[in-house]
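For clarity, chains are labelled A, B, C, D and E in written order, and residue numbers in each chain start from 1.
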Amino acid sequence: MKPTPLIELEKLRVEFGGSAGRRVRAVRDVDLTIYEGETLGLVGESGCGKSTLGRATVRVTEPTGGRIRYRGADITTMRGTLFRSTRADLQMVFQDPFGSLNPRRKIADIVAEPLLRARGFSASAAREVVDDLLDQVGLGREAGGRRPHEFSGGQRQRIGIARALAPSPRFVVADEPVSALDVSIQAQVINLLSDLIRDRGLTMLFISHDLGVVKHIADRIAVMYLGEIIEIAARDDFFAGPAHPYGEALLSSVPTLSFSPSRERIELSGELPDPADPPPGCTFHTRCRYVVDKCRTEAPLLRTVADGRQVRCHLPLIPLKGSE
Amino acid sequence: MRLVLKRLAAVPVVLLVLSTMVFAAIRLLPGSPATGLAAGGASGQATAADITADTEKINAALGLDKSLLSQYGSFLNDIVHLDLGSSFYGGNDITGLLGDTLPATIELTVAAMLIAVLIGMFTGVLAALRRGTWIDTATRTIGTVSFSLPWFALGVLGIVVFGVWLRWLPVIGRLPNALDYHPLTNFVLLDAILQDRPELIWPWLEHLILPATTLALSMAGFITRIVRASVLEVLGDDFVRTARMKGLSPSAILRRHVLRNSSLPIVTVLGLQFGSLLGGSVITETVFSYPGVGNLLVNGILQRDYPIVQGAALAIALLFTLVNVFVDLLYLALDPRLRKA
Amino acid sequence: GVAAEKDDASGGTTRSGGTLTLAIDGTSAINDPAFYTTLGDWMAVDCICRGLTFISFETNEPAADLAESWTVSDDQLTYTFKLRQGVTFHDGTTFTSADVLASLNRQFDDKDKTLPEGSSRPLKGIGDNLTSITAPDANTVVMVLKKPDRTLLGRLSDIGGRIISKAALTKYGADIGKNLVGTGPFKFASATSGQSVTLEAFDGFHKGKPPIDRLVLQQVTDPSTIVSSLLSGDISATQFTPYSALDQLKGDKSVTVYDTPKSFDAFLMMDVRRITDLNVRKAINLAIDRQALITQAFFGAAVLPDGYTIPPNQDAYDATLADLSKTDVAEAKRLIAAAGATGRTVRLMAASDSWHPKAAQLIAQNLTDIGLKVETDSVDPATYFNRLLSPDDKFHDLMIWERNGYYPDADDMIGSLAKPSGVYGDFISGFTTLDGSAAYADMLFEAKNIADATARKARYSEIAREWADKYMTLSMLVCASNPVVSGAKVKNMNWKALGNHRCYMETASV
Amino acid sequence: MTETLLEIRGLTVEFDVPAGRLPAVAGVDLSLRRGEILALVGESGSGKSALSMSLVGLNRGPHAHIGGEVLFGGHDLVAAGEKELRSVRGKDIAVVFQDALAALNPTQRVGDQVAEMIRTHRKIPKKQARERAAGLLGEVGIGNPAQAARAYPHQLSGGMRQRVMIAIGLANDPAVLIADEPTTALDVTIQSQVLRLLKRLQADHGTAIVLITHDLGVVAEVADRVAVMYAGRIVESGTRDEVLFHPQHPYTMGLLNSVPRVDGPAVARLPAIAGSPLTGVARPPGCAFAPRCAFAHAACGDAIPPLMQRYGGSAHLDRCVLDRSRDALEVTA
Amino acid sequence: MSELTTTSGLRTAFAARRLGRDPIAVVSWLVVALFVLTALIGPLLVSADPTRNTADALLPLGAAGHPLGTDDLGRDELARMVHGARPLLLVAFLSTALAAVLGIGVGMIAGYAGGKVEWVLMRLMDLALAFPSMLLIILIVSAWNPGVGSLVVGIGTALAPGLGRLARALAAREAGRDYVLAARLGGTRAPRILVQEVLPNMAGPMLAQVVMTLSVAAGFAAGLSYLGLGIQPPTPDWGYMVQAGQEFLYTAPRLVVLPAAATLIFVVACNFIGDDLRDALDPRGDR
């Protein structure tokens, strides 16, 4: 069965900052398709534009250019009531369990809000849905009468998930939903998310910088570097061996719980360049160990290599499609 | 550097808008200076016809018979040429008047600022370091009370105690009338140096102490509060912990790490506070017959002398703007984080 | 302390040196006899320039000054002045008739080139009555009038009649106010608007160099600061002392309080166009508790206006007019009731400075007590003036104001107050709109020229009584003084003049 | 490898909080040996920072109560006066903090901040201190040390700042370096650079490092010995291999199991520990982990189990009363 | 504000405990309550007419029938003090309310909207702030008839930008919070977000600042009456009473001291309350 695209991004671009001199190009002409029912893991270093891409996809941050299509319909500039109800199909789970819940409202009100505003539920109808949801995320319905400060980080994250799920969205952006949590709690939340994805047939953009987490939840992996997607691959393919030198370095840098820690590490020199002033040519060339002259001048395109993965590199580590 | 230029480039724009606002506000004041002038001059012998004629003549001479728009046009034109017009009463050149009074006000407000900052810093730091003790409570209480003291009350109190009862300090003016002073820059301290007249300094200071302290006291209370809060905030910052980790003594931590960083919020507040200082100088200068712009402004308002009110208001606003630009630059100098661009 | 009985300008004038500082109401740094800005500036003019005649306020008669002597023709129309010789101006030029012509012409001719814009010419009235003014020689000036004017000599002593160096007038033109040059005891040194005027003793003053070196007129606007700076010694003397401080100052040895003549009128103007009923106006006049005003607004520095508008220090003062300012609340109530005016609203306007607001509150109470409803409005002096003179002003029915006698003659008081075409008769009270008012112009002119003092006084009293009885546009409140106070060290100061806002400091020492 | 540098005995740290007195560290015995890297692991709030900061009295204050003994060079640092502590801080024991941006003075050039550390304990001329500072910056792997020394913290990247922190820490060649989550805020690529640097410096200088972290991967990477903390107490300690690959305490096991790992197969569900860590004022009378423990039985709630050696090496201690078949619980390595 | 009082849980309990802890603050609350009470019902309790002139001028403290003596026009000083509370409190409260509505309204919209809207609104505020408040108030007040109305408009307008700045900063901070994003995602419209998500969360610091503003407004009201630009006689008003009494500084100092002290006490009390509220409501205070 051919997967149906749910979200399609075309040349999506987000820029920040006022005057021309210092514009941060956080997301640079990203083309990306997210298919119905899949979980796409988005990884990359801090500041590479993951959150911005995620936010722009659901238009909490307005894109500066490009198109967003949801089930084929262009929602890039959609406004008014239609947009509000459409957008309720697109929800977000946030990273910070403390900043993402209004400290002055009751849990039930927080979770009911999208039902009342976007789905036109009556208060009593909403109440039922909320109770069910709170049960589902493992908090219990009596949690509805309490306020956020009475909950721990992991519990708050469950509330955030309940709120995101309240309007029965088809698509959820989860922006580092577990990175603020302790390992033991992190595992609980990851499990909860996996269950919900499975039970509700959710489509998800799962943002994380932790490859381990992504590995356990995503179906496909997209790697971002300096505002661009540089590699997209099926999960197992990616972990078996990334096609982009950056992906390779990333994977090898993760400290592992193994007897022999001295496995080969690819040490990247330097750090992520200034997003306001990206290097010419391939943006990764300043840190790449395979760099050749071409990389310094010519920006590579996102090309399809074997296994249907896409990579933005002049010299991918996996042979190009058809060149085998 | 670019930020500096940007700040400076904004000044003319601010000034233009300021002048427009002043122009508009002044025209809202009730009463016309012309009738006042005509009436003032008229002895009991003048007839009604004389006054009507005089009023019209004066209006024409002052340009008040023209449309508001053309008045505005010539007003802007004049401002560009640094010509602020002349007083309705006798045609004193306003630019000249400001030249006479602005330095006095600058001396007063800067002196007040210095006193306030010295007192405020000292007490604020003390209160922060002794947080929660009676020293803290006392300092904060006194600070709040002095911050709430109205200038006029303080000024009058100072005059009664130090001028009349103790007779330590003179109560009016800027320099003794008996003294020959031929201003060069009209900043007494500067002139004392340029003209080699050290004997000017003490009488000048003597006259400055009361009005400046009056102005300073209420502000010092405010600064105490800000300094205390700011120092407490910085004391809680991680880099102070780093400094302690280095084994630095508390006084070295205070000097090298806390003071500079806690001065950042203080500096911004100072800029704004300078405004209230200028507002306070309007009252203080009246109480002390101190020859500054505030005094000029009050006279102008009472006499409906538009050009003077206009000029004085502009000068005050200009001074305030420049001080704030200066404060911004100081902020840039103090906080390297802003210099990134 | 209180001034000793005999502490006058008559004492010996030994040079003491030093600086004498007078507190003034304000200065625009323009000292020009043809341009009024503030009382303070004209005090400076008083010191810098002197006129043909001089009134010391010790007596009420004009005395010789720059005119050594004069003769008046029998028809009272030609005045021949012999000028004093050997007098020099501050700029070194010698005083001649040319200076007199140049200076007086600025008053008489509104086209004079040396007049600044917005100038006021206090002697304009003399100019209107003038056929010619000529100088047959350097030491003689001849003025020929159209109609006789007995007050001419007195009015020439006024500020407007001050003689300026012609050379300086030629040099500075309309800017003379910033560079005034006269023959007076003090020469102009410097002035800053809103602050002070500094004058220096003139070596060549024809009556001898004044004892002090320097005279500073310093603007002090805050009343409590005036008191404080008198006590602290920052101010040597002033006539702007707040009344309320007098008792205290009298008890303080560091200052001297003078018993200044009660020379100015405090009164209540009634706009007859708004309060049309004569009986209501009379009732208002009867309602006022003047004794309360004297004690509570003037703190004793005032007397009952027994001479109606003529203050007690003037020749035409006639105490038999006391009944014009009597207080009879019962009668006032009756009049109001009879006029059907009970409960009527009257608006009372006063300036917000000095004694005015206090008087307004006291009077408001009096008027309330007779059944009127009073709305009081205290406004700053500039607004006050504007409203006063604006013919379509809707703010006031009753206005509290004052008139100083700048030279001591009844014509300057009742003459200007009752004249229908004057400011008081026209703008302020609307007297000119009433039947029969026109006659008062002639009556007052005729009265002022009666040569015999007793007859003149009687005529003025008649006019006053009739004016009050028939029209009652002006209710006298009190005759008050400008209380002069000086530091104890100040001696031989002409405080009587200062009490009339005139400044003769040539004998004073510190 | 055997000389004991720092001996911690019965250390307690309690804070006054609105709810009462919070036992952040509830009696810890631990020793640090010369030249070793001791990793202190545990979840947020388990008392790792409180423990390490109290070693040099950095968390002293009116609302902190520190008890027990910290013996260093024959002196008890807990009982020591501020003045005495100041001579130890930065010279013998230095700290590298987690958030380098916050831990560096934003208005001072980093070179000067390093130099200040030197000059606080050695009276050498400013210029010389500056040169030495630049040298140190080079040593911690900063490319252009002279230029970096003139930079302000905000002008440096996160990795650079952390290197500056380390340079400050090492400036006086301390015997002990406490690194409180030195890499938590960094990206993995940078983290591995910094970890390698720490390891190299430790080898070069023979500095003993207390490495605080909650990332077990990092522990596996660099630590010689590991102590696992839970609710203010050490629940297990031993060599890296003993603790990570033969864990004794159910908490350690649970922790190891719940880490989503990049190596090995993806699993459908992660074996998570139920409930959440204990951070409140109230503490149960028995084992603090019992409420979350899958193996808990009645005895766990009675008394706090002692830290003792049960299996494996002599220095492998754990705080669990359960007697059970280790094999059943073994973690798959 | 009701949000504040209805908020249950630790935070409020903690805040409430703090509120009562500082004795100065407790006294300040009492003082302000007393003043408000005086302004409201005081005039009903004193029988003497505060505007009735009598011949008994300048009676000293403790004179028969006049516990605080009489003023220069023989009016009962106690009656004047009691009635004089009204205009000051009225002006202070009304102008603060105006400043709060203007400042918080504009600042909140600017901070939440960001972008061009913010730029324009903030430049407007900067303009008002480019004038020292005193100057601005004098210009505004002297353009109208002096009285309660012009004072309220003048002071309110001049103080609004100060509150506006804070409101903008707070609203901008809130606007960036994830829960605001979540509300937007949930289809909540901007006005409701402002009222429901943003406002309650900035209410704490804002309230403290508003109380501080109250003290500043009272100071300005007294100052302007002192300059003669405020409440007009014979209406009793503390500011004007200070000015009118200043003549008697040396002879009957109580005519200055009483109204000046009353004003001062009110202003100081407001400041202490503001401090206290800030301490109690500031989230940093929870640490």
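Just so we're on the same page, a contact is a pair of C-beta atoms (placed from the backbone, for glycine too) under 8 Å apart; a residue touches a chain by one contact, two chains touch by 3 or more.
Everything quoted here is computed from the prediction, not taken from an experiment.
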| item | value |
| --- | --- |
| Farthest chain relative to subunit D (centres taken as mean CA coordinates) | C |
| Leading chain pair when contacts are tallied as C-beta pairs | B-C |
| Subunit C and subunit E: spacing of chain centres that average the CA atoms, whole Å | 46 |
| Inter-centroid spacing, subunit C versus subunit A (mean Cα positions, whole Å) | 89 |
| Length of the line joining the C-alpha centres of subunit B and subunit C, rounded to whole Å | 38 |
| Set of subunit A residues in contact with two or more other chains | none |
| Per-residue multi-chain contacts in subunit E, two or more chains | 10, 246, 249-250 |
| Subunit A-facing residues of subunit D, complex | 43-44, 157-160, 187-193, 195-196, 214-218, 220-222, 241, 244-245, 254-256, 258-263, 266-274, 276-277, 292, 333 |
| Partner subunit D, residues of subunit B touching it in the complex | 132, 237-239, 241-249, 252, 256-257, 260-261, 264, 334-337, 340 |
| Residues of subunit A that touch subunit D when the two form their complex | 45-46, 152, 154-155, 182-188, 190-191, 194, 209-213, 215-216, 235-236, 239, 249-251, 253-259, 261, 265, 267-268, 271-272 |
| Complex interface listing, subunit E residues touching subunit A | 3, 7-11, 177-179, 181-189, 192, 196-197, 200-201 |
| Subunit E - residues contacting subunit B, complex | 24, 126-127, 129-135, 138-140, 142-143, 215, 219, 222-223, 226-227, 242, 246, 249-250, 256, 260, 263-264, 267-268, 271-272, 275 |
